[in-house]
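The same chain A turns up in both complexes below, where it pairs with chain B and then with chain C.
This part shows the complex of A and B:
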């Protein structure tokens, strides 16, 4: 390659200047570079994209949720008509609401699929136990998000499912009646119930989800993702000949390159 | 001793993993990220497709119910007498558990007991499955458990989805037959009460002479033997929580006449030829 001209170097420096500026003050650019260029096992496969898929579904929920919140009115008089308005009058409102409604189910399904893949890979074992727990909490919060969102359209389905749900809560010992009371916010399901469910649905639970997802991702990057356990070139595999680790390793690398089907 | 050996193996394995990844691995960008991005696009497209199918099929359907259901059901009405409560689909398995465990003795198991146990088992998995082996074929217990869990969740979800919903309009057709079996044909008030009973949501939780749902509420075919008396039953239905029943919703909204009729009907339900479903 020909050496870069002075002008070109100048241009590059100018273009990179903002990055350098940010890097010098935050170290974030280095962090992102680390995130992007860190190594992952070479035999990762499609099942391992399920976590990213779940994350995508969650992001769809946050984006569509923000737009719904611009039109939705959380009280018994207006909730139903605001949903009608969104569905039938607002430009592309039906699409945003439809994506939020169906995205919720996709999110839950993907969480289960992702969890199944982690289970099949035995990826919850040392040192990833904590990430399994964080994941389990994400699953519970995700389902609670579904429960609180179900009431908001204020139609018959919503109302009666919530009525039963709250009553079932009340059967828990000690905390049950208290919790049911808190959720309902009064003698009957009404304005206070909607306000509470709405607040939980768009502030508390998503806040918790985001925090836990960040922790989840931090642990994934720090600990690394596992290789498929059946892979002959799995990272961390036991070497048949531990006395000559280097040689054995090199031999395996070569055979691994030959039969690599992942990409 | 065994403990520390396990720890040592775990640490060695992970150290070897880190070394291998560093030496033999590929950078996340662009390789793994390429797959992730394709998957993300597929997810977004599937969600958009679902939204479109839902909206357009419902919009063009005569009854407003498209391939994926209606756009909304009618506006919430706390005074409704015949709507079958349904949770979202991912709660069906819990919902169905409630039909397995019957009110009042064991409903607690279905609402809190089993879910709590499941949650503890889920969170605790890495702590009771302590072997380092990750290959599936060498984890027979894990495979069998996984298959059983998937099967039972699937079956419960399916059962919850197809659980026979008693539609008020259908149940009302049974009233003359009930009156005959229970011998209250001549008691106009009890017959009226039976109609109220059939068209309210009662039968989504209670069975009556073989109709309705077998849980979480008890079978009411022979409830008169409980001996509350007509007025007692009316009071109970109006405000079950006053009698320690926190699962059943209050029906005070339906009005004194309907309540009185219901009380009369329940008090006439002596279970002549009561059959369990």
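This part shows the complex of A and C:
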């Protein structure tokens, strides 16, 4: 490459200055770089993008949901008509509602695909067991999002599907009936039920999801991603080598080439 | 940044043994550089455990207690073997076989190298955690109570006035829709199937008798439909002095009740005849005040013996749909729910 002209270097310095300013005070630029340019196995597979796809679907739900909340009214008198208003009257309301409604299914389906990938790659094994458990909690919370969101249009399908869903929960032994009362805000679906579901749907459960996603990503970065099971390079982990002072832990982690690791 | 696949070894894991600045606990095995993966050896017992659980659930679905028992025994036995396998390394070794050398136990000196505890710093630590906990509790508990407790208060709605009993022809059903609690609005709209059973002797006096069945399916709560001809032309709207109008539609030749959701079906007394419901349809208590039929509290029904005024009803406090009120399964719901 030809040496950069002085002018170009000056421009670059000017452009980078704000980044340097932030980096010096927060270390965030380096952090983001570290996050984006981690080492990953050379033979990662397209299937390993399913987690990021799920994350994207979740972000779409978050953004569209925040804006739907600007027009939606969570009470028995107005819920149905506010949904009709969003769909038929608000500019582009049909689109945002459609994205949220269909995106919900996309999110759940992608979660299952991602989970299947993790399972089939054996990526849940040591040392990633806890990330599987965090993932399972994400799955449960994701389904709860679907359940609580389904009531909100307050039409016949929404009402009766939710009645059945709540009563299904009530049949769980011992505490099931208590759970049903909690969800309904009383002994049956009543004036408070829809606002409860709304609060769970847009505040409590998403809060939990976001926290767990942060933990999930932290563990992905800390532990690295697994290479595919058919990987020719150091598939599986090497046997711990007692003779090496760094110890066995090194062998647990697949190194880039099958031969020898070295820094 | 090195291009992918450069000679420099690619680590996919942050090397935890180097980056850990502070050992999280003295003598933690994790800090030894020569450690082995901390995983139990593979074990086949979970397969047996899973088979036991499947067997148990299958027994519950099929309603066969012997199968449940076999499943439980399998699950417990294999569960025990599994736990024994998994915890092998944690338990003290049995007497070592002669001839094998025993690894020298961790040098005692290491253990004593622990930092001496300072009582002042320990006090401060405990105080910080304790005060934090108290403040957290003071804030959280009322909020939790606010979120949970109102759902368990009982709201005894006033009896609903369904109008003069003369509106209910003897021996046939009328579909009544009404607001259970007008202050709650449309969400409290309910439907009941009401049959006038005529006069019957109660303690030597002739009293009117009614069968009032709630339309909520005893499976999972969908609205049960009357199997008969609705006489829409004879619909009556009663406008009481106070409250919301009550709508009455007579039904001709009602032979059953059927649920649109999962095919539950009931006979005219509300007993289950087909589908997944676990008990008979719920009923409302009633009273007659100044010749008007007053709808009282809801109760659940296990089974109805006989018909009409002579029916013997096994009566229980109102339970959620899908919840067994009788039979061995009722022990699955031993704790009464306040506010029901």
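In this section, the second predicted complex is superposed on the first by the 220 of 263 C-alpha atoms of A that agree within 3 Å, B and C clash if a C-alpha of one lies under 4 Å from a C-alpha of the other, contacts with A are read in each partner's own complex, and residues count from 1 in each chain.
As a working rule, a residue touches a chain if its C-beta (ideal position, glycine included) is under 8 Å from a C-beta of that chain, and two chains touch if they have at least 3 such contacts.
Here the structure is a predicted model, which is why all the values come from computation and not from measurement.
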Q.
I'd like to know which partner A:230 touches here: chain B for first, chain C for second, both or neither.
A. first
Q: Considering only touches as defined above, state whether A:35 meets chain B (first), chain C (second), both or neither.
A: first
Q.
Let me test your reading of the model: by the given contact rule, A:18 touches which partner, first (chain B), second (chain C), both or neither?
A. neither
Q | chain B versus chain C as contact partner of A:184, first or second or both or neither | A | second
Q.
Just checking: does A:211 make contact with chain B only, chain C only, both, or neither of them? Give me first, second, both or neither.
A. neither
Q) Thinking of the overlay built on chain A, is A:156 touched by chain B (first), by chain C (second), by both, or by neither? A) first
Q: In the overlay, answer first, second, both or neither for which of chain B and chain C A:77 touches.
A: second
Q | Partner, of chain C and chain B, that touches more residues belonging to chain A | A | B
(Q) After the superposition on A, what does A:110 contact: first (chain B), second (chain C), both or neither? (A) first
Q) In the superposed arrangement, does A:119 touch chain B (first), chain C (second), both or neither? A) first
Q | Doubly contacted chain A residues - partners chain C and chain B | A | 37, 39-42, 76, 126-127, 160, 163-164, 167-168, 170-171, 173, 176-177, 180, 189, 224, 237, 249, 253, 256, 263
Q: Sort out for me which residues of chain A touch chain B in the complex.
A: 35-42, 44, 46, 48-50, 52-53, 55-57, 60, 76, 80, 83-84, 87, 94-95, 97-99, 101-106, 108, 110, 116, 119-129, 132-133, 136-137, 139-140, 143, 146-147, 150, 153-161, 163-165, 167-173, 176-177, 180, 188-189, 224, 226-227, 229-230, 233, 235-237, 249, 253, 256, 263
Q | List of chain A residues in touch with chain C within their complex | A | 37, 39-42, 76-77, 126-127, 160, 163-164, 166-168, 170-171, 173-178, 180-182, 184-187, 189-193, 221-225, 237, 240, 242, 245-249, 252-257, 260-263
Q. What part of chain C is in contact with chain A in the complex they form?
A. 1, 4-5, 8-17, 32-39, 148, 150-155, 184-188, 220-223, 261, 318-323, 332-335, 337, 339-340
Q: Within their complex, state which residues of chain B touch chain A.
A: 10, 13-14, 16-18, 20-29, 31-36, 38-40, 42-44, 46-48, 50-52, 54-55, 68, 71-78, 80, 83-91, 98, 107-108, 111-112, 119, 122-123, 125-127, 129, 131-136, 139, 142, 146, 150, 201, 246-249
